[in-house]
Structures are given as C-alpha cells and as structure tokens.
Amino acid sequence: MRRSWEETVQTSKIINSGDRVIEEMLDGLLAAHPRHLRRIAPRAIVAASGPRPGKVGLVIGGGSGHEPTFVGFVGRGLADAAAVGNVFASPPPDPILACARAVSGGAGVLFLYGNYAGDVMNFDMAAEMAALEEIEVRTVVTTDDVASAPIADRDKRRGVAGNFFIFKAAGAASDRMLPLDAVERIARHANARTHTMGVATAPCSLPQTRRANFEIPEGEMEIGLGIHGEPGIAKGPLLSADAIADLILDRILEEMQPARGDRVAVLVNSLGSTPLMELYILNRRVRARLDAAGLEVHATWVGPYCTAMEMGGASITLMHLDETLQPLIDHPCDCAMFRVG
Amino acid sequence: MVLGARDLADVFSAMAEAMASARDHLCELDGVIGDADHGVTMVLGFGAVRAALAEADLEAMSPSDVLGAAARAFLNAVGASSGPLYATAFLRAAAQAKGKASLTAAEVAALLPVMGEGIAFRGKGARGDKTMLDAWLPAGEAAAAVLAAGGSGAEALQKAAIAAEAGAAATAAMTPRLGRAARLGARAVGHVDPGAASAAILIRVLADHPAVAR
Amino acid sequence: MRRSWEETVQTSKIINSGDRVIEEMLDGLLAAHPRHLRRIAPRAIVAASGPRPGKVGLVIGGGSGHEPTFVGFVGRGLADAAAVGNVFASPPPDPILACARAVSGGAGVLFLYGNYAGDVMNFDMAAEMAALEEIEVRTVVTTDDVASAPIADRDKRRGVAGNFFIFKAAGAASDRMLPLDAVERIARHANARTHTMGVATAPCSLPQTRRANFEIPEGEMEIGLGIHGEPGIAKGPLLSADAIADLILDRILEEMQPARGDRVAVLVNSLGSTPLMELYILNRRVRARLDAAGLEVHATWVGPYCTAMEMGGASITLMHLDETLQPLIDHPCDCAMFRVG
Amino acid sequence: MVLGARDLADVFSAMAEAMASARDHLCELDGVIGDADHGVTMVLGFGAVRAALAEADLEAMSPSDVLGAAARAFLNAVGASSGPLYATAFLRAAAQAKGKASLTAAEVAALLPVMGEGIAFRGKGARGDKTMLDAWLPAGEAAAAVLAAGGSGAEALQKAAIAAEAGAAATAAMTPRLGRAARLGARAVGHVDPGAASAAILIRVLADHPAVAR
C-alpha cells in the first residue's frame, strides 16, 4: 500500500529554499570552477576555453539533479556548453539558444541530450530559433536505456548514464575539428553502441516538496528505472550484487551481441547515495562476466556520474568500442568534474 | 459579460492559486507514474505568468497580448514538457484572439479547441495517449458542440469543465503512450495522469470564474 | 525516543555478503584501475608507479567505508600505498607493514592517517615491526576536525575530510624528493593549518547489520559528527544551507585567524548521499563568506572525497595556505579517483 | 580440573558463540556512542580465533601456544581498537602461561589481571575512562583477591565475572575519556560502553565454562 504524502516524513536537504536551488547551485558551481566554466545567461554554462573558429559546437543539457551530468561535462575536449533546467525538467528554449549562440564557431552546432518528451520539445524550439539566426543545428538524442523500451522501439528509449560515453565521443570528435556531418554521425554511432540498465534501492525527493517520490519496501528494488526517480519497469526482491550485475549484463550482452575479442568501455554508475564500495563490488562481477565472454575491458569508470540527487541504486553501461570510438574515448578532456588524458 | 486584458489576468491569477493548492496532489500523482514534479512545474509556470502580468501594463494590452505574455512567461519559467505544451496552447489562443479588444464568454470557450490542437501539435499526441490531451481535447469538443448548438459561452465552458474532469478520470484506465509514463507501460494503468488532472483543474477554474460565469 | 533495532527496517545495500565486502570491493577496484593500483597483500594497495629509490614512501590507511579516501588517493604525486581495514575499523599491523616494505625506497617511510585510537595502536605496532626490519618510519596523525575537541586539546581531535589536503601536501613533498624530516614536518604543518567541521542529515549502516547506526528525527541534524556514523557533538534543528555554512565557518575562521589577503583552499565534502547540488549551494555561501573576510580562494574541490558510505551530510574544510603549502596543493598527482595538474 | 590446549580452544569457541548472539546488541550500544561496529568486530575476531584453532594441531600445542595463536588470529582479522587491545591481552596471558602443559582454574583466574594490564598498557587507559578496562580491571582485581584469600579458581572466576558485569554497568554513568566516544563528552553519559559490555560477556563465558566450573 502506498502511503499518502501526509503520512510520510519530509526529507532533509541542505538548501536554503526549494525554489532557489538551481540559481544557488550555479552560483556555487561558478565560484568553485572559474578556470573551467563561465555563465553567459542565468541557466547557460559554457566552457571557459571558449568556442574555436571552425569547430563544431557541442551543446548538451537537460534537467538538473543529475550532477555531474550535465554541467560537469563542459570543458575542453568534451561539451562546449550546457543548458540547465529545473530539477528533472528540461531547460526552456532560451538558455539552449544562448548556448548555441555562444559556442557557434561557424561550423554548426550539435544538440546532444537524453530522449525525454520535454527535452525534445524545448531543444527543437531552440533549434528552430537558432535556424532563424543562421546557426546550423543538428540534433542527436541519446537512447541508451535498454530497459525503457524493446529493441524494436530503440528510438523511444530514454537517455541515462550512457550519456557519459556518448557525450565523450562526440566531444572528442568535435575537439578533433571534424565537420558537423561527422560529429553528428559519430554521436549516433556512439549512441547505437551504448547500453545501460539500472536498479534503484531508495527513492529521491524534490527540493520543493521534500517527499520521497516513491516507496521501495524493505527487501525490494526497482528494476530498470530512469534517472528522475521514476518508478522502474518492474519491482522485485533486492538481489545480491552479483545477481544484479548478471541481470543487467544478460540483458545488455544479448542486445550488444559482441564477438569474443571485442573491446568495451565500462561505467558502473551510482544514482546518488549508493557508495563506491557497492559500485566496486558490482564491478567485480561485471569484470568476471566480461572476462568470461572473452571481451577486453579497455577502460572502466566507477562513481556517481549520472545521478538522481540522493536516489539509491546503480546502473551499468557498456560501450561497444570499435576503431572509431576507442580513440575518442581515450581523447583528452578537461572538465570541472571529469578528466581524461 | 465580456473579458478584457485585466479579466484574463485575473483568470490566470486564479489558475496560479489553484495550482498552488493542488501542488502536492499533482506531485503525488506524478510520483506514481512519472518524476513527481508536475505540481511544482505548474506552480512555477502559472506563478511566473501571474508575476509577469502583475508587472505588465494591462491597460495597454489586448487579450491576445496577455495570452502571448503568458506563453513566454510560462515557457521560460518551466521548460519541462508542460512548458512548450502550454506555451503553444497560449500562443494559438493568442493568434485566435488577435485584433479583439475584449472577448465574449463564447469567444473564450472557442479558444479551448484551438488550445487542445496546439498541445497535440507540439507534443505529437492524440486522445488515448494518457496525457493532458485526454482532458483538453474532450473539453474543446464539448465547448464546440454547445456553441454549434447555439448554447451560451458560460454553458460551453461548464460542459467543457465537466468533459475535462471526465477525461482526466478516464486516463486512469489507459496505458500511456507518450511522456515519461510511456516507459512504465501496464504498470501505469490504474493511475490518473497528472497532466490531465491539472488540465481539468485549470478548465474548471476558467468555467467557474466570475468573469465568464457572471 | 530511540527505537530498538528490531523495530527498524534493514537498509538496502548492493552487496553479496556483509562479511565479504572489503575483499570484493578491492577485487572490483583493482579490476577498474589496473593502470593506477596494485595489490600486494589482501589488504594492501600500492601505486602501480612503484616506489622510487631515494623517495620517502607515504603510507596512508584506515577503515573502509570512506572511499575515495584512502585507496583513491594512492598514485604518483600522492600516497604510495594504503592499508585497508574493515568498515570503520583500522587495518591490523600486517597490511600496514606490507605497505611500508613495498614503498620503502631507502629514504624512510611516513605513516599518515587519522587520529583514532584503533588506527594509532595498529599503525604503531606496524611501525615497531618495520623498525625491526630497519625501515625508518615516522608517524603523523591528522587532527583537522575542529568539533571533536577544544583547541587546547588539538592533538585529541580526530582526522576527517581534511586528510585530503594533508595527504596532498605530504604526497607532493615526497614526490619532490624531500627528505623524511622535511616530509614529516610538512605533514605536521599541513595538519596544523587544516580545519574541518561537518553536519549529518542521515545515518549510515554497516553491511553486516544493515541497521541505521543512529536516528535523526525529521527536521533535525547532527552537528560536528565524524566520518564513521558516530553521533555528532550536538543535535540541533536542520538549518538552511547558508546557516550551516556560517555555523561551520564561524568556528573555523575563529581558530584559523587569517589575515585579509591570505589564501585558502576549500573542500566542500559530501558524507555520502548528499548530492552535488547541495554541496554547491553550500559553496556559494562559503565563497561569499571568504570574500567578505578578504580571503583569496586559491582552489576549491566539491564532491564526495571523504565519506561514511551512504551517510547524509556535508563537511567544509579550509586549508590556510602559505608559500610552503600552496605549491604542494598545486603539484600534479594522478590517482585512480583524483587528479591535479 | 585442569585446562589443556583443547579446553582453551573450547572456551574460545564458546566466546565466539556468545559474541555472535550478542552481536546486534553490542552494535546497538556502539551505535549510541561510537560507530556501531563493536559487535561485528568481536564476532569477526573470535570467529577468526575459532577458525584458526580449528585448523591448528591442538595436540601439539600448549595453552600458551593457543593464546598466542588467538592473539595473531584476532589481530589480523579485526584491526580496529579491539584488535590490538585483545591481541595484547592474549599475548600477555600467553607469556604468563609459558612452559605449562595445562592450567589449573586458579592459574586461569590469575591470567585476568595480566590481561587487564595488557589492555591498559596498549591503550594507555585507566579505570573510569569508560572503556573495556572498566570491566577487565575490576575482574582482575576480584580474581586476585579471591586467590590471595585462598579461594578456588572457580570461585575467583565467578567473582571476576560478577565484578566485570558490575563494572560494565557502571560505565553508563561515566564520561568517556578514550576511544571514539571521548568526542561525545557528556552526550555519552547514560549509555553503557560496548567494549565493557562485551568484556563482561566474555568473562562470564569463561567463568561458567564446564572446563573451569566442573
């Protein structure tokens, strides 16, 4: 039985006012990372390294509450700008347009973001406005969450933690000065080869309401949830770490159909409150499974890369590498919350 | 019996109040099948509209101007799904109201189908998708039917509100096809769509507002 | 009223068995970071870059559950090895001794760890054993937690998130090939100039018991807690982010007595489940306060650097920089979970 | 009435069982004034001792060997505060038992003061610090007093167990001066020290064990 909100306690958050969290977060962000980030509009953050003439501008963005996604991935070698929405809500067209203008270096702009109805509508409106200003915009939406729709409906799937790899590949491609066509193609290719699935063990709550947005009874978990505290595709008993890794990898490997000897990049991601200890315990099994499948693990990242505030749970992402993607994943980048090379 | 810019602003203000009262209820509904923010988003959006109109020079504005200002304020305050959907609805209404210094209740009622079409256009949705359209589209049809039959604007709005409420209630039985809830599939059945619930409240506020009911 | 454990629910953890979490975490850690880390004994992790002849070896360590502290700070330019204890329990002397042997490059070894009774006893026993093997060991314990004892009893204070800066300074000093005396002196100096205080909003639980180790009633917080889920020095109403920052900074600045124009390094740390959004909101106020005090913020880190598994809450650390410390903080390091330069 | 290596191993095994039963209670006590792990640590430590002795060739071992093996197993399994403290206690006991093929109950009782001294040495503690010493030191004194007065080993151990229990209970009123709880100061008053509570259980297991009570 679901309890009504009146019966539940309010969650504890270290904030000043639920209505000011985004502005205040961005104030603190800019204060912390002056060498990496600049704010060109109240909700538009660009890389301090600035646009480069002839380089494709990469604009990412979406709702807040997923930090370090998206603002943490703005920087040289990765995204050029991020448009910042309210908690779990797409940014409106204005800050997206401001980002497009700021990063346009004459070679076009790529909008790259997770596939959610709200984001698609707002980014599309911004793209229409940018076109009026003669900025060429292409759009790629990420759809890495294998749990969110059957493979036949791949383009209905939502984008979750796999953004990390897809943004990385597209950012590296644009940093290498590839033309807009190529950066767009690479982003689609990266998305097609990136697969994520997650489980949740604890809910999160919005700063404005401070009510857990769902309940997970003792000893249960949500399977195939998103990154907004949405309920999962199914409920089930809380499994062991190994069984969770198996559940996820069975599903991902079945879709990915890798050949022995293929290389993968791995992300074991915390949804928020699940600590590194548990993520590494998951990674232990991930590694054993990939070894058993004859796959070579080229690189592994473990940590809170795409979160839903304080939600408990974890996701596992595999990117199926090839000659195109591997050098892009290895390409150096320098962001406020993420570095390679 | 006619609505000027100030009356429309009053309606928006009443809508903002209704959203504030319904905030937690709408968030709870969204928590079951979405991301628990719909009430917050609607409060933010209508709050921004109210604030923008409070600063505007209503004497110098037409109803169309008010609807246009509402569209911009709503969109930029919220983003999300509701932002573009409601902004498009308000812009379509503004276009239809263009050139009129005031609107009769019948002219207001005639905005409803147009607004529903705007939402359907922007969100590429249809009836039965388990979204706010399941309130907006029946409301628009009910209003249009009353007006076509020669009924009053006030009656058209009352019928629209009833149709919206019935439409919202009917979403409980639907399997979602659009928006966040779509991923839940059958798990969402049995729960009312939050966007449809808020739409029914908004249309009810409009229908019962003294400016159209008097 | 405290409820007994029978009345509380078990927490959800993604683990296989409460008794195997450390071994399995380390398996997953080594699988993820082969370029950075090597395991020389079941509970002893050393930098893959290896010891350098003539370089002072820096051994850190302590209980698990604080990740990325300690293992995440092993790497070139920072610590050479970390001894790994059970959750919230000092490692025994054996792995500490194994670390000392592995990193000894003939110039002596520094043991650097937080001031807890258990750690002091185990590291001291290991130091005695190392002395028998002709390895010269010096010991510095960190005592940055201003809330844990009055200033007159500074050496009774515990070491918390400020470890981050103190380890960093000592690691840089040893990477610059300074002799043991100097590295020890710098570690003491860094400790003396590092001040931390935290608040908790939610408890954590041990993997073996999965029971919240304390209760925080709705609308309250623990003030001056440690990093082991110990209760704080006091309870109080949950304050706003700004009031929490003020409470902490008032206390730290009073002790630090900086002059206008002095430089500081800032760490806004999550104890586990408190997300980046809240940390940045805290940092906003931290920055405003430091600006108002006429202090220059040389560098800021924001994130989960020293955690207590899934505990909710945050700490703020200031390191009062000087000509000695500032270049050491800026000195490059390359660890599995932390990089500078 | 004498204890050989196997009897001592049986005592350790009984202690391991007692710690397993008391685990959650000890963790709860530690949760109030420390880090909630004391029960886990003691189960781990005595479990490791039991496992080590189960693998050992007890026939070839003296009581001193058993105590030495217990010290190493305990220390390496737990670390923490309890590890060095109990390892030192067992090592001191091993030193005192050195050279004896078996121990009388009186000789076992005479180990208690030595063990308490070992703990005090390693942890630089004293009575009244609100630690396990507030169980171990009174237990040692009580045992020594009975033996000095010519009482039996079994009686000395019974008196020691009673003194340990009283000592543990008395820690509730104390302000902690050592260990994690020291930082809590007055906030810890009113709560029994977990290390003293576990010590009282261990000494009770020893005193009631058939090997000494028979």
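All chains are identified by letter, namely A, B, C and D, in their written order; residue positions are counted from 1 within each chain.
Here is the rule we go by: contacts are C-beta pairs under 8 Å (C-beta built on N, C-alpha and C of every residue); 3 or more make two chains touch, one makes a residue touch a chain.
Quantities reported herein were computed from a predicted structural model and do not represent experimental measurements.
Using mean Cα coordinates as chain centres, the one most removed from chain B is D. Per-chain Cα centroids separate chain B from chain C by 53 Å. The distance from the centre of chain A to the centre of chain C, with each centre set as the mean of the Cα atoms, comes to 29 Å. Here the CA centre of chain A is 32 Å from the CA centre of chain B. Put simply, the C-alpha centre of chain B and that of chain D have 73 angstrom between them. For chain D, no residue reaches two or more other chains under the stated contact definition. Chain contacts: chain C has no residue touching two or more partner chains. A linear topology is adopted by the chain contact network, the touching chains following one after another without closure. Chain B makes touch with chain A in their complex at residues 23-24, 27-28, 31-37, 39-41, 44, 75-85, 122-123, 178-180, 182-185, 187. Taken together, the chain A residues at the contact with chain C in this complex read 9-10, 12-17, 21, 24-29, 31-33, 64-65, 67-68, 72, 199, 201-202, 207, 216, 218-219, 221, 238, 240-242, 244, 266, 268, 272-287, 297, 300-304, 307, 309-310, 312-314, 337, 339.
By the touch criterion given at the top, residues 2, 4-5, 19, 63, 85-94, 116-118, 121-122, 125, 147-149, 156, 158, 205-206, 208-209, 211, 213-214, 226, 228-231, 233-234 of chain C touch chain D in their complex.
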